[in-house]
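Naming follows writing order (A, B and C), and every chain is counted from residue 1.
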Amino acid sequence: MRWDSWSDFWAMGGYALYVWGSVGVTALLLALEVLQARSAHRQTLAQLKAERAVAQLPIEELM
Amino acid sequence: MSGSAFMAVLRRDLLLAMRRKSEVLTAVFFFVVVAALFPLGIGPELNTLRLVAPGVLWVGALLSSMLALQRLFEADYRDGTLEQMALSPTPMPVLISAKLLAHWLVSGVPLVLLAPVLGLQFDLSADALLTLTLALLLGTPILSLVGGIGAALTLGVRGGGVLLSLLVLPLFIPVLVFGAGAVEAQASGLGAQAHFSILMAMLLPAAFFSPFACAAALRIALE
Amino acid sequence: MKKTNWFHYAAPQTFYGLAGQAWPWFAVLATVLMLAGLWLGFAVAPTDAQQGEGYRIIFVHVPASWMSMVIYLAMAFWSVLGLTFNTRLSGMMTRALAPTGALFAFLSLWTGALWGKPMWGAWWVWDARLTSELILFFLYLGYIALTSAIDDTRRSDRAGALIAIVGAINVPIIYFSVKWWNTLHQGASVSLTKAPSMAHLMLWSMLLMALAFWFYTMALVLYRVRTLILQRESHATWVQELEEVKP
């Protein structure tokens, strides 16, 4: 283990802004990408389900 | 057989361009405006202007070319001529080469001719002006050839102009680097030989492959 | 011996199933590798003599750059397949790859700037590799813009494939031009690629992170392409009969 304490770790020898700015934004954007992909998938499934439900309705209900 | 079809398309495109002079002149005028505005933005200090001249003039030529590319296939696409070309017995790349040549003659050559005149505003030496003109002479055809692919892909597409610029921008950068670099190399005494060789090395494959790539792109657009 | 019918795997229905099985495994691998790489890189690897702790940015910067380039090559590969064999799946794979590639290109630029500022004093140095990365980012944007602007799916896929291939051919030309341009103008090397002689641990951390990003990409792209398949094949019987779609 390189670090003597947590505060040393977060300080990153003075480069905190740059190191955590990089790692942080990377983690954030990758997480957002995953969330966006999941949301798009769910939306598609929901839409397909809705279309299926409509298609299954007896004709009378659609009139 | 192909030869006469080539000449026919060439003649037709040149005639049409002459009839719609305003379209042609817009792009050329843009070049002049860019060259005139930069000194006003940078300041009249001749040493600075001489330094930035190759870059400024080349970027102006690039932007002017991007503007001019939009009309390369537009009109023919809209009035059905492009479909006729696709159906004709003459191979499409031959007809497209004619269109690209016409386009360069009308949109590129004026830039080549104007550049030395505009270069005077930047106090470029006679040798630098000559290098600039030659570089543009080699470079502007590449812009037409490579830009044509972008023009073909974006035919009739929403946001055409900006989209076209975004697509061709990365393709233009090597031409810009070596074209402007040629003038700087000449000015610093190193000689522009290597730059001209590289420009030539880009021009020849482009001249050969671009018509085929454009044909493929146009077929995609016409389906 | 029966010859493998590769086109069987190119059928969206088959691929949907395959991708569905594969992506969770890739996601697990990605997570494990990322934890390992981050641990190694941030808790174990030594301080750099010249750059202090700031050098640790390379553990995300370099893998992001590599991925942005690999993904573009993958896009070009699928594009060639698509234009040659006329398979619908190729267009979907290319389209699924693009956003992730663009994201990694952006991250490469962002982390590159954050690395450059403390090291070289400027948020942006016209280093040959960063500049090439910027142009690669524009290539991604161009593909995404073009495919988004064309409504007809088939035309959109094929136009995108063509621009991806043209871009891929251009990448070495662009890199060469920018390198030339950079050495002429900058002289003394301002090169972010010259990582000082890498301690073994540093190299391993970087490789682990690169692998992590690779599996992340595969998991995400396969997941995304399943969504695309559902959207495009929505009228096919096999989609209608999927468990997930039954109301």
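Quick note on the criterion: a contact is a pair of C-beta atoms (placed from the backbone, for glycine too) under 8 Å apart; a residue touches a chain by one contact, two chains touch by 3 or more.
Keep in mind the model is a prediction, meaning the values are calculated, not measured.
Across the two candidate interfaces, B-C and A-C, the one carrying more C-beta contacts is A-C.
Among the chains in view, C has its Cα centre nearest the centre of the complete protein Cα set. The most distant chain from subunit C is B, comparing centres defined as mean Cα coordinates. Centre-to-centre, using mean CA coordinates, subunit A is 44 Å away from subunit B. In whole angstrom, the spacing between the mean C-alpha positions of subunit B and subunit C is 32.
In terms of their C-alpha centroids, the spacing between subunit A and subunit C amounts to 17 Å.
Residue positions of subunit B touching 2 or more other chains: there are none. Across the complex, subunit C meets subunit B through its residues 83, 135, 138-139, 141-142, 145-146, 149-150, 154-155, 158-159, 162-163, 166-167, 170, 173-174, 176-178, 180-181, 184.
The part of subunit C that touches subunit A in the complex is made up of residues 42-47, 52-54, 56-57, 60-61, 64, 99-100, 103, 106-107, 110-111, 114-115, 117-118, 216, 220, 223-224, 226-227, 230-231, 234, 239-240, 244-247. Taken together, the subunit A residues at the contact with subunit C in this complex read 1-3, 9, 12-15, 17-19, 21-23, 25-26, 29-30, 33-34, 37-38, 40-41, 44-45, 48-53, 56. Subunit B meets subunit C in the complex at residues 149-150, 153-154, 157-159, 163, 166-167, 169-171, 173-174, 177-178, 181, 184-185, 202, 213, 216-217, 220-221, 223.
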